[in-house]
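The chains carry the letters A, B and C, assigned in the order they are written, with residues numbered from 1 in each.
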Amino acid sequence: MTKIILNGREVEADPKQPLIAACHEHASAVPMYCYHPGLSPVGSCRICQVEVKQGETPARVVVACRTPVVEGMVVNTEAPKAHEARRQCLEFLLKNHPLDCPICDKAGECDLQDYSFAEGQGEGRSVEPRRKLEKRKSLGDVIVLDQERCILCSRCVRFFEEVTKKPQLTVAGLGSRSVISTFADRPLEGNYQGNVADICPVGALTLQSFRFQARVWNLTKAPSTCGECSRGCSITVEVLRRQEVKRLRPRPNPAVNQFWMCDHGRFSFERFNAPGRLAGALLRGRTGLEAIDPADALDEIADLVRMHGAPLVVASPWLTQEEGERLRVLGGANHFLSPAPNTLKDDLLHTGDPCPNRRGLGALGFAPLAPAEALERLRAAPLALLVGERAVELLGAAALATLPSTLRLVVLDTHPLDAPAACIEIGVPDASERTGTWLNLDGHAGTLGIARSAPAGVAPLTRTLDELVRRTRGALAR
Amino acid sequence: MSPLLVTILKVLLIYGGVITLAAGMTLAERKVSAWIQWRIGPNRVGPFGTLQPLADGIKFIFKEELIPDGANKFLFRLAPVLAAAPAMMAIAVIPFAGEITLFGVHTTLSIADIPISALYVVAVSGLGVYGVILGGWSSNSKYSLLGGLRASAQMVSYELSLILAILSIVVLSGSLDLRAIVAAQAGGIQDWNLWRQPLAFGLFVIATFAETNRHPFDFAECEPELVGGFHTEYSSMKFALFFLGEYVAMIVMASMTATLFLGGPEVPFWHGAPWFVQLFAFLAKTSVFLFLFLWVRWTLPRFRFDQLMRLGWKVMLPLSLANVFLTGLVVSFF
Amino acid sequence: MVIVKRKELSLAERLYLPEVFRALSITFRAIFKKKVTRQYPEERLVTTAVTRGQPRLVLLDDNQHLACVSCGLCEIACPAYAITIDGAETERCIEREPKRFEIDMLRCILCGFCEEACPKDAIFMSDELELADFSRAALIYDIEKLKRPRAALQPRIDYFYGANDRWRKRSSTS
């Protein structure tokens, strides 16, 4: 560690990191547009200028992102000269930036907007007209480019060069005619395009699917974990008006996903918004499935357990450790569904394994079971428990409908299942509505966060299972 | 025509008249309050709003009847009747006018002439508080209960002064019969008890305000503190009955004031006037006090409860006792 | 700490009755005062440009599209949470327009913050004050009920520019 003097305080800085990292670490808000902690610094935007004095030479203004940390350097981020340099830099950046904030999706989380507001420069002095460029340029299915808003920080260019190692974007043209462009106007491809919309410091690169969908200050955000593969990337779930999941974004986590996530996980939020949730409980009566009180449904399940003995338990791979802990007490044989690996595996984040808690459920004694095999076991069992979100989806509702009605199938899923074998169904919360822990393939614990409340009448699965365990305690005494 | 039929006719006429007057009072209350507050008051139903009481009545009938879950159902239903009935009963002995010949039967214009009518009025109107207390208790609501409790404490405190004020008149006239009291004032304006017993007059008027739960003594209702007091939980016609009782009680007390202190149906400077002139004079005197009820209500703020009790026990009771004592002395020795 | 001295009462005031008579004389004289009641359905309130009635959305000069770009600033400025906006993309040169713009008139407190927050001069307080219906749902106004041609709101728009001219100039120079 190297000692430097930052704003009159002696602090320790990592010599392998640029000066700006030390400033941020010690709560000095140096603005940045082109610098990103996950990318190499280039110093193209010049907004991070600070005053540095080294040895006997007079103090000079330098860009903090391209200055290495040296023992004994004296840094002043709030020096008048540094301030003035930053102000002038900002004025040039805003020279051609359109006044789009009311329309722009970035408004509210835009670095340029935040710093302009802090600096308080409400009006430009330029009398020249602003550049007119293409405002709605589609870069493939995921990203839309607004060339007018772009400040040419080149973060997106470096992302494809350094992170995915497949360069797809470049700065084309010279001087004031410079724009971001793909090679030969080909659309962007790959599973990591969405990240450039996150790292863009202005609203130049936006997600096609999030365009004009919501104002960011109306989104309630909750830290959570992505469940689309066994990597378990740390994410933020963003919910509009406490109802609709609008966006998933990566959350920096050096142990798992650094700053990124794949598009497959990013756009998986659609499934949270599927209509027709099962709220409360259903019981097969004379006319089909009828709504009953969940507590009565639990009594019915306990009766079935008393009659048939310990059930065959088939759990969803999205079951958390806490839920698995309670569920394993119930079953005679515990399994979790393990579909075949998909083709999305790459060497960056995606593992190709769709079970986010494979390691954790394995440690709890659940055996992996392929869906086809699971259907065979169910066909033979007298009583089975199908537990957890998307369990029905993995087995296929059509396949479950072919099961004989001699099987007493108890379903604990987010959506109702209409199958003759299904006799009791209880609604459970999905991954955006409950808390819990998944262990990813390296054994790292990812925590689920509650981003919105479950539909009325849906209790947390842990509580439902607790109640069930309490009711069947006598029947299962071994 | 038999005397019985004539009595029934008198009952119908007098009660019809009194209830109409009570309905008119509800309109008068709203009109007077509006005028005092620089407003116009009800003016949409009928000419100058004169049919407003009718509209109110229809509205009350169509309101939903609510009985609280925890209420004592029997007493809850009984309370409005107990509040309205005693006031109506007290009307029976008020001498509205002197002698009258109806269908050949010579009689007087009051339902019943009983020799202890002053005592009867006091006895019967004192029962009115049971309706308020029972209504407050049976509602099973803390506000109602507090309203009922306050009403009972207040009634006990002020009924003493009221009775002692009447007593001094009775001592002066030597009779408990209201007709005899009226007859004693028959000489003209100078013979009115108002001049002979000014202190008793003042105490009586103040006590009637307390007795009828009117401002500034309306502690049983007391909207800002007790929501609606004893009638918080009441609705529809039960609520209307409480109000009918209150307005009839006001009429009783106003006519009692006119009878005891202003010579009742006696017309000034015209002894032995025809019955309709006497009735008009009586109504005119009563109206003055009815207006006073309204006027005071929209002028004075409500007392604090301790102030009410202090006024009742430390001011009014000693004064009225002294007054009776002095009256007794004067009557005995002069 | 402030110690408030109660006024010393004179004997007449302590006796209470003289004061009662004084109060009665005041209220009696009030009976003959000129009445201030406004007979509402016949006598309407006179509105001026200063009147803050219910908010309304301004139509562009083509009388077809709203000036609103659904930026959501009125939604977030609204202290009563009366406004709900969902945006959508449009082919017009302004890229965004409201797909849903609802003001819950039962919540609206006519404060005018939406008017002040609007960067596009798309929402103004009209002179419309009357609000009555038979259901709550009918009082959640949508775009069809809110839109008004610019001419209908012109007095308020002129007043608003005049009243805010001073601070607009000052803020732009700081």
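We take it that contacts are C-beta pairs under 8 Å (C-beta built on N, C-alpha and C of every residue); 3 or more make two chains touch, one makes a residue touch a chain.
These numbers come from a predicted model, not from an experiment.
Chemist: If you average all the Cα positions, which chain's own average lands nearest?
Modeler: C
Chemist: Per the definition of touch at the top, where is the C-beta contact count highest among chain pairs?
Modeler: Most contacting pair of chains: A-C.
Chemist: Could you work out how far the Cα centre of chain A sits from that of chain B, in whole Å?
Modeler: Between these chains, centre-to-centre, one finds 78 Å.
Chemist: What is the distance in Å between the mean C-alpha positions of chain A and chain C?
Modeler: 42
Chemist: Report the inter-chain centroid distance for chain B and chain C in whole angstrom, where each centroid is the mean of the CA atoms.
Modeler: Each chain reduced to its C-alpha mean, chain B and chain C end up 49 Å apart.
Chemist: Please name which positions on chain C make contact with chain A in the complex.
Modeler: 69-73, 75-76, 84, 87-89, 94-96, 119-120, 171-174
Chemist: Which stretch or stretches of chain B touch chain C in the complex?
Modeler: Those residues of chain B that touch chain C are 32, 34-40, 295-296, 298-300.
Chemist: Flag every residue of chain A that touches chain C in the complex, lowest number first.
Modeler: The touching residues are 101-103, 107, 120, 122-123, 135-136, 211-215, 217-218, 241.
Chemist: Please output the residues of chain C touching chain B within their complex, sorted ascending.
Modeler: Spelled out, the residues of chain C in touch with chain B are 20, 23-24, 26-28, 30-31, 33-37, 39.
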